[in-house]
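I'd like to ask you about the structure that follows.
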């Protein structure tokens, strides 16, 4: 059984993993770069080892250094968290070779799922639906028309050599097929000197819905239902929720089965996520598999009632899953938002700096996974995520209300954060109704601009407070009032005390 | 419908109530005494009104002042929290009279349950089991012996006029009945000049188990299962958990029915708690009813998945309960501990003072209901409870591990707290096994003494850290190193900046 | 004494009329405010005005006279303008658009320094490039300028508001 | 320079041998400690010793030389003893058992003052009674004493460590 885990990561996920280890009575080893000496994961770990300069390539991505620390510290397992080495097949292989348990899948699963083409082929073989389309470039008009008819409209035609929108054509009507293929090809030819094209089913209103799975080393795989992750900005998830507001029990069951089949196709063990693209009619297609813990895993933990990190460790220990599919169910609704150190109103510019003051939201239904603290300087070398706020409610409506309440009470000063922006998202009508797709942020710009929620009184009070603070500071610079006469003993005592106080 | 709630309380419960109001879109009005100007509930409320000097009798217990504020602010309801006016029938009546909704039961229910004798009689009439015993004083030996035989051994004989243990006798064997009654009577006579005695069933291993109930204004009452509150110090609950480790599904169902019957007997509406005393064979007896929200209500909220404050408000609004008994179930295990500002190792002496630094525990399964913040001075006028830490786990074992992890990461400096003491409780074998009764703290003193968890190295490191801090402070008192020569513009700039910075 | 206060783009007149413990009277332009004001945490004020409760957070910006002020969902830039500030503001206007010092508004790493002491640069020329969290920012001059002193070199880590180049 | 450090009842010799950034070498009695030490929050230190990670919280007690030090589950009273402290400690020993000043260790309200300036009190006599959170504490003298100065009156609110009575 695993007794000491090296956590090859930093930030909130490193601390989150160490929490579960502590609950299991497992010792933890942290590793840190130059920038992270004062980071929370170093303080939280039982042991901490320096592994190199601040840039990740010279520290958190250094497999050799990490392996060295694992041996020096006597760790019997390594948890990679997410990012960094978490989906690195060579690292998984290195752990195997060195006889240290890698808390994650084996190199084969990582490799197969890591390569888009191989993954797609493996899924087709396993009868998991993929987005209909060609895998080989088409250089022939007739063949292109045939394929389009097979896939069914609408489709997107993309230049094989392409990029930047050149040689792309969306076709919605049968009468436009030939025209579009010809246009795309000649544009591609002109732009890239190559008229080969790919053809892919076009999903007009795409939803990003993913399924959490868990597989043990005995061939058992279960899914822990879906997460709706369609609120994205530049392919970066911003808000995640479960259940998905568009899901039905029937489709959920079928997608769950597909997710389990996908995992079984690569003999998957560990925690993993099958990402699907889903259209408005709930047709779903395999997009990719993340062979690691996801940032948004806590919403699943909350609604299903399972600690996923503990499950990962149990699986790495070779234990069979202790629940079957029919034992699992969803209860209530959970939403996660990611709090970034960024200036959301200024092109989402990162805002590194020192946290001056932090007030975390508390109370019923609120989970907070963070790692920052007062006086902590958010380093500029890594992802600017400060924390994740996860709320649960009996219903989706209650969860949204609770999240707004929690954001209202979450105060971070010293750096700009995405808190006000997140609050605005929660008030967009499409979000409130639960009818949104991955174009949500783009399409709702008018709701996402900074607004004035407060009357002129607010502005006045802001001004007066600053004014008052300034006057108070000025006053403190004046010479102090002489102390009262209290008899000689008292004066002696006073003097002595002030000396003692340096 | 209620639009603005005056919260006639302070501390964590005031903030907790305001949180639910905020989630419901209800405005909140806070009231505060002199000592509480900087308290969190004043900061959290939408409106705040000063109501008087620090002693509760001159502020939080002043019904007239509170009613005045309710009218001035246009509040349409008052939530009394727990303590203060929460079980004051006159206040409930005053609200009725003034046409302001009292979020709690009506005066009749408060009064009936507030008087021990009336409550007992009402319960007997409703077929709710009470501790067998006499309600009238017995002045006759023969009658006493008869009653004892009826109740069954063991029994406790208590002087009717008594107190302080005088005239008390525990009888376990039939052969000792006459002797014990005679001895108790003569002792009572000598001590109080009155030889009348009461006789009560003696429960050797008492468990304090209570049931949460909710009743609406349409006669519907449900229970939300039990809370085990046997870990008590001087009748003050210290740790609460649900489910109770000694409960069985059958007894739970029967006790739940008894709890519902008890509430129905007084036409109860609102949230309430039926306290039972339970012996090792799971015989249960009505002890009393708390006609308000309990301090420990969050563990029920977590395991049943219901926001009790929202339910209270819905009930006050005249809405019918939206769930039936069969819709409710317990899922997982929850434990609450109360964090006090006290010196647990020094006779539990209260430790008021200023919070210098606070680090709240975060992560999966942790709820934290508090009101203190850095720089906050815990006033000496009120209960020294700082916060409640509530954890949830899939199993009792996981919940205990999680609570230990959370306490480990909960740091408060500036005042002494009960955190180390609570940690020790969680490691007492009887607690770990779940086989404890209300004598738990008394009987486990040997486990509850302060211990050294850390080697000599810990002590050395403590000493070195203080030493290093001292040296650093000394160093700062030395004159600063002259700044580097940077050319005249730079010097100018430096000078200017230091002026700007005052 | 009356002060000028700049709140975002508005300039208001403020005067503290009286103070009695937490209770203050302030005249802001033509409005009289009677407030109960209290610093409850470092930089966090609790204010009660006509029984409404406000929480206001102050973060000192460039100097003791300029603040970022956060209320419920809003953020204001507030600057207290006294004689000295006025002088500096006027002087700055005379100088044209550039600050006399090019400073990085946020911590980062100096990626490129394109000038050296004594260089003459043209309006719009980039002087220094700083990278933070994988984004690069270019710092330019707006007028033809003389580089008086370069205070950083490539590879240096700079803190927020640290002067990098002094120009004339 | 070597210092004496009092940790609970133990007195240890401490000397800082070297310091290089966070890295320090300290000799504590006959043990050499090489530590990576860093103040990460106000009064909170992160220490790495032989790759073990410690969090240590310091709360200044009566003065800058005495601390309450919290480690994982333990709390130590630590005092740095320099020449001045030694002098005071010796003087205190000469005086017998009483402190020269009776101070309340915690904030509270003065319920009773039983003496006035110039009173002679007997050993064990109660001088003042303070109430905090509904508990009353009596402050007594351990020896026959002269009351030099009473600094509080009944009904006063006292802060932690506030002197209440000066004795001789």
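Before moving on, here are some points about what is shown:
Note that the chains take the letters A, B, C and D in the order they are written out, and that residue 1 is the start of every chain.
Convention: a contact is a pair of C-beta atoms (placed from the backbone, for glycine too) under 8 Å apart; a residue touches a chain by one contact, two chains touch by 3 or more.
In this text, all values refer to a predicted model and were calculated from it rather than measured experimentally.
Most remote from chain D, judged by the distance between CA-atom centroids, is A.
Between B-C and A-C, more contacting C-beta pairs join the chains of A-C. Work out the mean CA point of chain A and of chain D, and you get 48 Å between them. Between the Cα centres of chain C and chain D there is a gap of 43 Å. With centres defined as mean CA coordinates, chain C is found 34 Å away from chain A.
Among the residues of chain C, those in touch with two or more other chains are 41-42, 55, 64-65. For chain B, the set of residues touching two or more other chains reads 44, 373-374, 408, 473, 502.
Looking at the complex, you find that chain A touches chain C at residues 349-353, 356-357, 377, 380-382, 384, 408, 411, 413-414, 420, 423, 451-454, 457-473.
Contact residues of chain D toward chain B in the complex are 3, 5, 7-8, 10, 12, 14, 16, 24, 26, 28, 31, 33, 35, 37, 39, 41-45, 47, 49, 54, 56-59, 64-65, 67, 69-76, 78, 80, 106-109, 131-135, 160. Of all residues in chain A, those touching chain D in their complex are 30, 37-38, 42-49, 72-73, 373-376, 486-487, 489-490, 493, 496-497, 499-502.
Only residues 15-16, 19-20, 22-25, 44, 298, 301, 305-307, 331-332, 359-360, 362-370, 373-374, 394, 398, 401-402, 404-405, 408-409, 473-474, 477, 502 of chain B touch chain A when the two sit together in their complex. Looking at the complex, you find that chain C touches chain B at residues 22, 36, 38, 40-42, 46, 48, 51-53, 55, 62-65, 84, 88, 100-101, 148-149, 151, 163, 166, 168.
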